[in-house]
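First chain A sits with chain B, and in the next complex the same chain sits with chain C.
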Partner chain A sequence: MTVRASKLTRQRVRAAWVFLAPMLIVLALVAGWPLLSTFSYSFTDKTLTADSETRFVGVSNYVFYGPNLNDWDDELDGYFIVYEPDDALLVYRPDTDTFYDLDTDQPYADNVDRSQIFEWQGLLVDGLWWKSVWNTTAFAVISVALELILGMAVALILNANMPGRSVMRAAVLIPWAIPTIVSAQMWGWMLNDQYGVINEVFLGLGFIEDRLAYTANPLLALPSVIAVDVWKTTPFMSLLILAALQLLPGECYEAARVDGVHPIKVFVKITLPLIRPALMVAVIFRSLDALRIFDLIYVLTSNTRDTMSMSVYARQQLVDFQNVGYGSAASTTLFLIITSFTVVYIALGRVNFGGER
Partner chain B sequence: MDYKTRKRLLTVAFYVMVAFIVIYTVFPFYWAVVSSLKAGAALFRVEFVPPDPAWDNYVSVFREQPFARNILNSVIVAFVTVILSLFLAVTAAYALGRVYFRGRGVLLFVVLGVSMFPQVAVLSGLYETIRFLGLYNSLWALILSYLIFTLPFTVWVLTTFMRELPKELEEAAIVDGASPWQTIVSVFMPLMGPALATTGLLAFIAAWNEFLFALTFTLTNDMRTVPVAIALISGASQFELPWGNIMAASVIVTVPLIVLVLIFQRKIVSGLTAGAVKG
Partner chain C sequence: MADVTLRNIHKSFGELEIIKGVDLDVTDNEFVVFVGPSGCGKSTLLRLIAGLEDITAGDLSIDGQVVNDLPPAQRGIAMVFQSYALYPHMTVQENMAFGLKLAKESRQSIDQKVGDAARILQLEELLKRKPKELSGGQRQRVAIGRAIVRNPKVFLFDEPLSNLDAALRVQMRIEIARLHEDLNATMIYVTHDQIEAMTLADKIVVLNAGVVEQVGSPLELYHHPHNLFVAGFIGSPKMNFMTTSVTGVSGDSATVSLPGGAAITVPVQGGRLKAGDDVTLGIRPEHMMEGGGGDAQMPGSVFVVERLGGETYLYVRGGTDDLITLQAGGDSTAKSGDTVSIGIAASTCHLFDADGIAVSRIERHPLADVGRGKGPGSRAETPAEAG
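Now for the complex of A and B:
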């Protein structure tokens, strides 16, 4: 009997691997291999232009102190430099760390003041990159916090026993069903500076004195993006919270009601701790989504510095500037930031979770 | 204030809040519908009910760009993506949910990890892969790249579903001498209808809405999907966006989605929570 069972088990395990193989191959092709290629491109000066040769540049895309990277010339096998103090044309070869005269190809006789030529370059010293990291972080923290609070409020209302609950649940699902691009365009039209309904209503109510350009004003652009994201994704949050609320045991509430405990105290002492695990999961899902935000920002405010997110930055380098190596360095850094955030969040979340028990 | 008035006031406040939330969630779409029905200069006047509704914007959105083609592209891409990922996921979910083998936990973890991927992280590698396969500016480029988010999601949800099915069903099939493949087809598939419908619908919506890959891996107007087409609609001049057309296009692609979501709302909610809460 045991022989038969083990033979059966072996047969099943073999079948399992056969069944898994197609999925694993597809995932390797669309996720694993592209991720590894992105990592490796980030150490090269690869571009999308067909005729240029790709060369290994180490960590230069991340941080580099030297002549302008764009002045590299394959034929000279070095950097082409116009040395202004002497009006000389020079070639700098990093392997020998020497300056050569362009015409004679002999080492340049005069002393070269390197501080005139060398500069810190690369992603990690790029102000725009750090600006986009800051924008993304601010966007993620504020929008997820607002979505959590609003989602909780909506979920508590949906959970209350009231007539017309199904109408409200349906209404709440509408923003979730609308594609992000469509919601970006809809809000872009509502927020339009000249003809937008929001300016019209705010003027009518006396909130503002002049029409505002919500998506173009540097101070208002990021808040506008956050407002649209909150509108779009609060439903998702509230549905997840609602699902958790509906699993709560009724007995504790019964007991609290009999004892005359204030509803707010009931919420803080009973409801919150019980739905905490579900909230943690909802927050990590939303945060990961927020940290990779691209479409909403790209459509609502395009490539402006005021709202540029890490994804918008990386895509601009990769596609618009055709700078595959540098863009891949941005992609890789974004990937590392998000991965380390996830690891820290899960680790800290677990510590707190264990401490409570 | 006696107890009764206080209670009545609270009820009123509660319903005011409910009304506010309903208006907040529904108004932007209502405004898109209203705007799409305003022709010419009426578009630029703020009126909450269009005085004389006109279909001009709906006609011109199809005339001024290949919008019908864009819709067809989106339908093809979303359907093929869903069918491929469901097919790959059912067999994988059987292996991950019903068979015990070494490395299963690691595999599930990898699948979950891929579903949380920032898509920009694979953009340049995927772009090269797609060009290498000769798929650039074709619908296959999108179908292939969309599997990166639909496949892990469907595998994950179907695995949790399979795991909860009673063991006896499968044992009966084994006693009858059925092979694993026969077990999947004749025992599990009939039970999985609802789960397949839910995950399929959610994967369909995800594929229908995707923007970054569609923007990057297609080049010409007639290969674009709906979100890219709507994002890139431009007017006669560079500074004048045809908002009427944009709103009409938005309404056209959103109405079917809203209808689907409202019909399947219970299933969608349970599918989302299966994907998220249990994950």
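Now for the complex of A and C:
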């Protein structure tokens, strides 16, 4: 027998739904709908061309074995193929899996060597995509690691009792407060190979003998982008860590002093375990940001292969090449990668967003 | 176990002087309680002994060695903090073993010490728990256990019971007293609770505004307070004070007038007083008698009645600035507005001169110099009353 909820309980549940509804509706509109649209576009050959017809193409945007997708011709209702061994013009229609002669529209008599025509295509076999995945991963891992270490150091310094501490805290935040587009452009000029101040300083100090093109040199582009990101985002990391440090119980440290624990041991055995929950949350915030990095890379290095991130790749497909379907497939894959990273991270790290210890 | 000696200890934070020259001898195996109102410097004094604060001036020795410049860990002390200061991410066992492990003690010796401490404190069942899974009293026992395993020369307690509820506080108070007997250790204990001070201490140090007002056994402070501050601070409800003047003196008494016209002759060493001096007469509420009696009476009208069951407190208006508090029997029928006659026995009166210093009583209270009766260390020192 089920117990009917009391009138008061039902009233509370109803009130909760009333309060939640606006947020749920807005979320569905601004997050749910675009996400679902992108997901569904990724199974079509939609483009930005106004008069083109959109077809459902299954998973072809992700992976496809067949003739070159760009050779599809709506009028022929098949792929236009130049078959080089016979020097013949053919049409391949997937629904019947047959080759036709372009002129007669009859099935082509000779045996066609499919390996000459068919190839693996799609996002998952695109070298540039995997290059961008690799770039993004390298960027995320290195920049978040550096930000964590530097942010921790800054936070520990700011946490110490010293004069002018509040001014220091505000000053440290400035790089984070500047809009990325502004700071990226600023760094772009500073890193410029002709008139950039960085080259001047390094030349003056004797670190380098010739001016370097930091954002154009394939070896230096990614490290440069990482350096700028570390400059920009370390304050955020140190602020989150500082907040955690401020909550630590002071008496524990006095107990450790009475116990005669070495300061390094205190840091490793007491401070680190106690701020671990906050560190985990800080790292996941930063990692999610880093995995979808776009503005900094796009402003500093545009569409260069050497620094192309997943977001830059998706934008190029969507906007520059106007391949909405293919670009959506890239976006969807990016979303899936980030989601699975998050799930694995939370599960393995037992991240506690509640802040309990 | 060891003596602790403080010689002219000063502590300033910038311009602000918190401890203004403290001299104190804590003998081996003694239980000394620092008591005083908030801000009197009692916790600071304890932290100076612990080494958590630097001493500005003066010498502190533990076991004969000057330890001013030694870090806490090398002073042979262990400290129990008000909010326990347990490491939240470690189990009870790890909390107690942490210091020993880092001191590179052998596994066997650590297990031995932690096991012993756990047995003394009845923590054996809880060794695998984290602090957040323990009650307040259990946490404080773990904190004490962490102190015990260090096998210190001196235990320092900083208001260890003030975060516990009243019932638990009584229980832990008894446990700490038992622990002191079991361990035969020198203990220094800070509290603002005078019941803890009276029940635990061999020797109480009353601090006020950074100076020691009086050092003595609990009953010495109660029966022979050195000055107005100690008289008002020890005892609850606090002692009644009446400003009055001397009408006559002899070698072993002083006669003062009472509100309402009567006079009382108090057995004190009146030699240093003379007729006409302003003095303060102090009488504890429990020594005032409802309905007259004693050597003199003063009239008053009852303002408020507080019934506690076992006793009744009458707050009486009787020609003084403050209300006079009178402790009557639990079956007192007095009610607000009644006129009462307050009886006073001369032997229970305290007399303080114009500077607030006590005029010594002729008879020393028989219990004033008796410690808690546990051996040589528990005897209080020779009284140092002015007079």
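Keep in mind that, in the parts below, the second predicted complex is superposed on the first by the 333 of 357 C-alpha atoms of A that agree within 3 Å, B and C clash if a C-alpha of one lies under 4 Å from a C-alpha of the other, contacts with A are read in each partner's own complex, and residues count from 1 in each chain.
FYI, a residue touches a chain if its C-beta (ideal position, glycine included) is under 8 Å from a C-beta of that chain, and two chains touch if they have at least 3 such contacts.
Keep in mind it's a predicted model, so treat the numbers as computed, not measured.
Colleague: Mind checking the superposed model to see whether chain B and chain C fit together on chain A or clash?
Modeller: Once both complexes are aligned on chain A, chain B and chain C fit side by side.
Colleague: Between chain B and chain C, point out the one touching more chain A residues.
Modeller: B
Colleague: Going by the contact rule set out at the top, does A:Leu334 touch chain B (first), chain C (second), both, or neither?
Modeller: A:Leu334 sits against chain B, while chain C stays out of touch.
Colleague: Under the stated touch criterion, which partner chain does A:Val281 make contact with: chain B (first), chain C (second), both, or neither?
Modeller: Only chain B is touched by A:Val281; chain C is not.
Colleague: Angle at chain A between chain B and chain C: what is it in degrees to the nearest 10, using CA centres?
Modeller: 60
Colleague: Name the contact category of A:Val13: first (chain B only), second (chain C only), both, or neither.
Modeller: After superposing on A, A:Val13 lies in contact with chain B but is clear of chain C.
Colleague: What is the contact status of A:Val141 with respect to chain B (first) and chain C (second): first, second, both, or neither?
Modeller: Neither chain B nor chain C is touched by A:Val141.
Colleague: Taking the superposition on A as described, I'd like to know which of chain B and chain C A:Pro175 touches: first, second, both or neither.
Modeller: After superposition on chain A, A:Pro175 lies in contact with chain B alone.
Colleague: Pick one for A:Ser37: touches chain B only (first), chain C only (second), both, or neither.
Modeller: First partner only.
Colleague: Name the contact category of A:Cys252: first (chain B only), second (chain C only), both, or neither.
Modeller: A:Cys252: touches chain C, not chain B.
Colleague: Once the two complexes are aligned on their shared chain, state how close chain B comes to chain C by Cα atoms, in whole Å.
Modeller: Between chain B and chain C, the shortest C-alpha distance works out to 11 Å.
Colleague: Return the residues of chain A at which the contacts from chain B and from chain C coincide.
Modeller: none
Colleague: Give every residue of chain A touching chain B within the complex, in rising order.
Modeller: 8, 11-13, 15-17, 19-20, 22-24, 26-27, 29-31, 33-38, 41, 154, 157, 160, 162, 164, 167-187, 189-190, 192, 194-195, 197, 200, 231, 235-236, 239-240, 242-244, 278, 281-282, 285, 288, 291-292, 294-295, 298-299, 310-311, 314-315, 318-319, 324, 327-328, 331-332, 334-335, 338, 342
Colleague: Going by the contact rule set out above, which residues of chain C touch chain A in the complex?
Modeller: The contact residues of chain C facing chain A are 50-52, 71-74, 77-79, 81-89, 98-99, 102-103, 132, 146, 150.
Colleague: Can you check the complex and tell me which residues of chain A touch chain C?
Modeller: Listed in rising order, the residues are 249, 251-252, 254-255, 257-262, 265, 269-270, 273-274, 357.
Colleague: Would you pull the chain B residues touching chain A in the complex into a rising list?
Modeller: Within the complex, chain B touches chain A at residues 14, 17-18, 21-22, 24-26, 28-29, 31-32, 35, 43-44, 46, 88-89, 91-92, 94-96, 99, 101, 107, 110-111, 114, 116-129, 144-145, 147-148, 151-152, 155, 174, 179-181, 205, 208-209, 211-212, 215-216, 226-228, 230-231, 243, 246-247, 250, 253-254, 257-258, 260-262, 265, 268-270, 272-273, 276-277, 279.
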